[in-house]
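What follows is a pair of complexes built around subunit A, which joins subunit B in one and subunit C in the other.
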Partner chain A sequence: MADPMRIRATAKDGGINVKILMAHEMETGQRKDSAGKPIPAHFITHVSAMWQGKEVLSANWGPAIAKNPFLEFNFKGGKKGEKIQVTWTDNKGEKRTDEASIN
Partner chain B sequence: MTSIKLRAVVALFGLALVCAAQAQQAAAPKKAATQTKKAANSSPSAIAAEFEKFRDIMEDASPAELFEAKGEELWKMKRGPKNASLEQCDLGQGRGVVKGAYVRMPRYFADADQVMDAERRIVYCMVTLQGFKEADLAKKPFSSGSHTPDPVSLVTYVAANSRGMKIAVPQKHPREREAFNVGKEIFNYRAGPWDFSCDTCHGESGLRIRTQDLPNLTSKKEAIAAFQSWPGYRMTGGLMHSLQWRLNDCFRQQRFPEPGYVSETISDLMTYLGVNANGHVYKGPGIKR
Partner chain C sequence: MDQSRRDVLRAGGGAGVFALLAAAGMLQPEAAFAAEWNQKAFEAKNVKDALDALGAGTPINSNDIVMSAPEIAENGAVVPVGAVSKIPGTESISILIAKNPTSLAASFDIPSGTEASVSTRVKLAETTDVHVLVKAQGKYYITKKEVKVTIGGCGG
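Presenting the complex of A and B:
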């Protein structure tokens, strides 16, 4: 099972500032282990953020993103108490969704 | 990959030797030694200051929080052969009380008749409440590659619940005072093929290995460094490590026999380091390079 994310959403200057930490290996597939065998690629391919049923961020990711990635973005609209949902999907088809309230 | 790693390790040991040599030098022609030290120190401190800035920026986006979240999940989840959560675990502040427990450990626990540090106590609870076997937990106790042992996440969660609190490692019980004295003894005990002790590198201010400043853990002012640094997220390799690991690794680097996982030795040493850091404010799990 994938580990939880940390999401912070704060109302700032008329918009919403969202900070997300994701727990993921982000293995590129280019590295080898101590026995010389390649370590299979395992990375997030897509991140999406939903606010009130509306997608406010959609991102295609690849192996160039670092381990345990941090993502910050702003969007307009939204107010305190409303919910943000963030979902990532990786190349093995694993998924994780977490939710946070705007404050 | 391996060869690079090996080289780095060799380099580190080389420098550790330099550090030992410096320490010996300091005993004889003191003036000359301090002068070289001063010259060598100017740039690494600047790097350390830069890193502090980075740490400040990363403070509200520290990957340590991921392990905090995972630890919280593990704490509350029913697990193990006995299918129990850790919410009945007494960390010294009453059953299930996590807040403020970390800054008041190691402490004496009457039920175990031992002075225990946080990780040792967590393992104790995992064994007694959840029915895990200590031998299994000790098989691969430290983070490596993509593996983070459960006690590491748990101790990160417990430590995070003492964020912003004053360190107050107790010395009321005679066993706690004994632990302090034994810990001090271990800290100053010179042995091994290099005749090292913890004190060799951590008994004097202004020493360093490569760009890493070595805190003087015998001084009240700098002793906070040991308490503050771990549990910490290490950027190199992206691993979460606890103080348990750090101390174990110090023994390894000194070429000592490695202590057993969550052993009395480590608890005693942590008591000594913790009491030295008493009064400082603990900032919570953070980032290390």
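Presenting the complex of A and C:
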């Protein structure tokens, strides 16, 4: 399985600020290896963040998102101790979900 | 119990049971994909074609979309871009990079209760306009900012 995401969810101003750092190569498919062969594209295509059974963010990505993607967003509501789950899926069908508590 | 069955399960290792359950369809993602990955949009080679594939037509230029991006990106492989939409009823925010091999970088769906504000980092192949497209109440709005790049970010 891929390396874990780092998720920081912080309560502030009546809402939750979420910062995520994912571990993923985000290979564009544009690069060639030393033998001149194209390195196949391998990138996250979908991201979903859940809180209390509700999807609080959904994203479709292309390979132009930088390697080891960073994502930050905010949503209303939420309390310390509640959990956020973030899932990414990539173009090879690989998937990863990580969870963090709001603090 | 069959020793062979034990062996199969053991051979699967830590991931084995998980893989079996997943294959049996017993692990369902809680969130359905809000929108399918729009291949045509993500493969478009310029902003106009990407906008067409997104169904955005000719978006209205808007000063109510606030972009943050550096004037000059030291490293084209990792360029921070933020977008805040002050347009009421914002449903989605997309980032398009004019001079990348494929222009559409990302589309974020903003459910109600989530702020219309996202930050991420993108690759820029060269100096380019970075556009932010907002869909709000069925209409499309757009703004752009030029980002200069000294070292291109696609590694090619």
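Methods note: the second predicted complex is superposed on the first by the 103 of 103 C-alpha atoms of A that agree within 3 Å, B and C clash if a C-alpha of one lies under 4 Å from a C-alpha of the other, contacts with A are read in each partner's own complex, and residues count from 1 in each chain.
Definition applied: contacts are C-beta pairs under 8 Å (C-beta built on N, C-alpha and C of every residue); 3 or more make two chains touch, one makes a residue touch a chain.
Not measured: the values here are computed from a predicted model.
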| item | value |
| --- | --- |
| Simultaneous placement of subunit C and subunit B on subunit A, clash or fit | fit |
| Subunit B versus subunit C as contact partner of A:Lys76, first or second or both or neither | second |
| First (subunit B), second (subunit C), both or neither touched by A:Asn60 | second |
| Which of subunit B and subunit C A:Asp3 touches, first, second, both or neither | first |
| Chain touching more of subunit A, residue-wise (subunit B, subunit C) | C |
| Touching partner for A:Ala100 - first (subunit B), second (subunit C), both, neither | neither |
| Which superposed partner A:Thr28 touches (first subunit B, second subunit C, both, neither) | second |
| Partner chain(s) touched by A:Ala11 [first = subunit B, second = subunit C, both, neither] | neither |
| CA minimum distance (subunit B, subunit C), superposed complexes, angstrom | 6 |
| Set of subunit A residues, in rising order, touched by both subunit B and subunit C | 31-32, 66-67, 70, 72 |
| Subunit A residues touching subunit B - in the complex, by the definition given at the top | 3-6, 8, 19, 21-23, 25, 27, 31-32, 34, 66-68, 70, 72 |
| Subunit A-touching residues of subunit B, taken from the complex the two chains share | 1-2, 60-63, 65-66, 69-70, 73, 146, 238 |
| Complex contacts: residues of subunit C adjacent to subunit A | 15, 29-31, 33-35, 37-38, 42, 77-80, 82, 97, 100-102, 104-111, 113-115, 117-123, 153-156 |
| Subunit A to subunit C touching residues, read off their complex | 1, 15, 26, 28, 30-32, 45-46, 48, 50, 53-67, 69-77, 85, 87 |
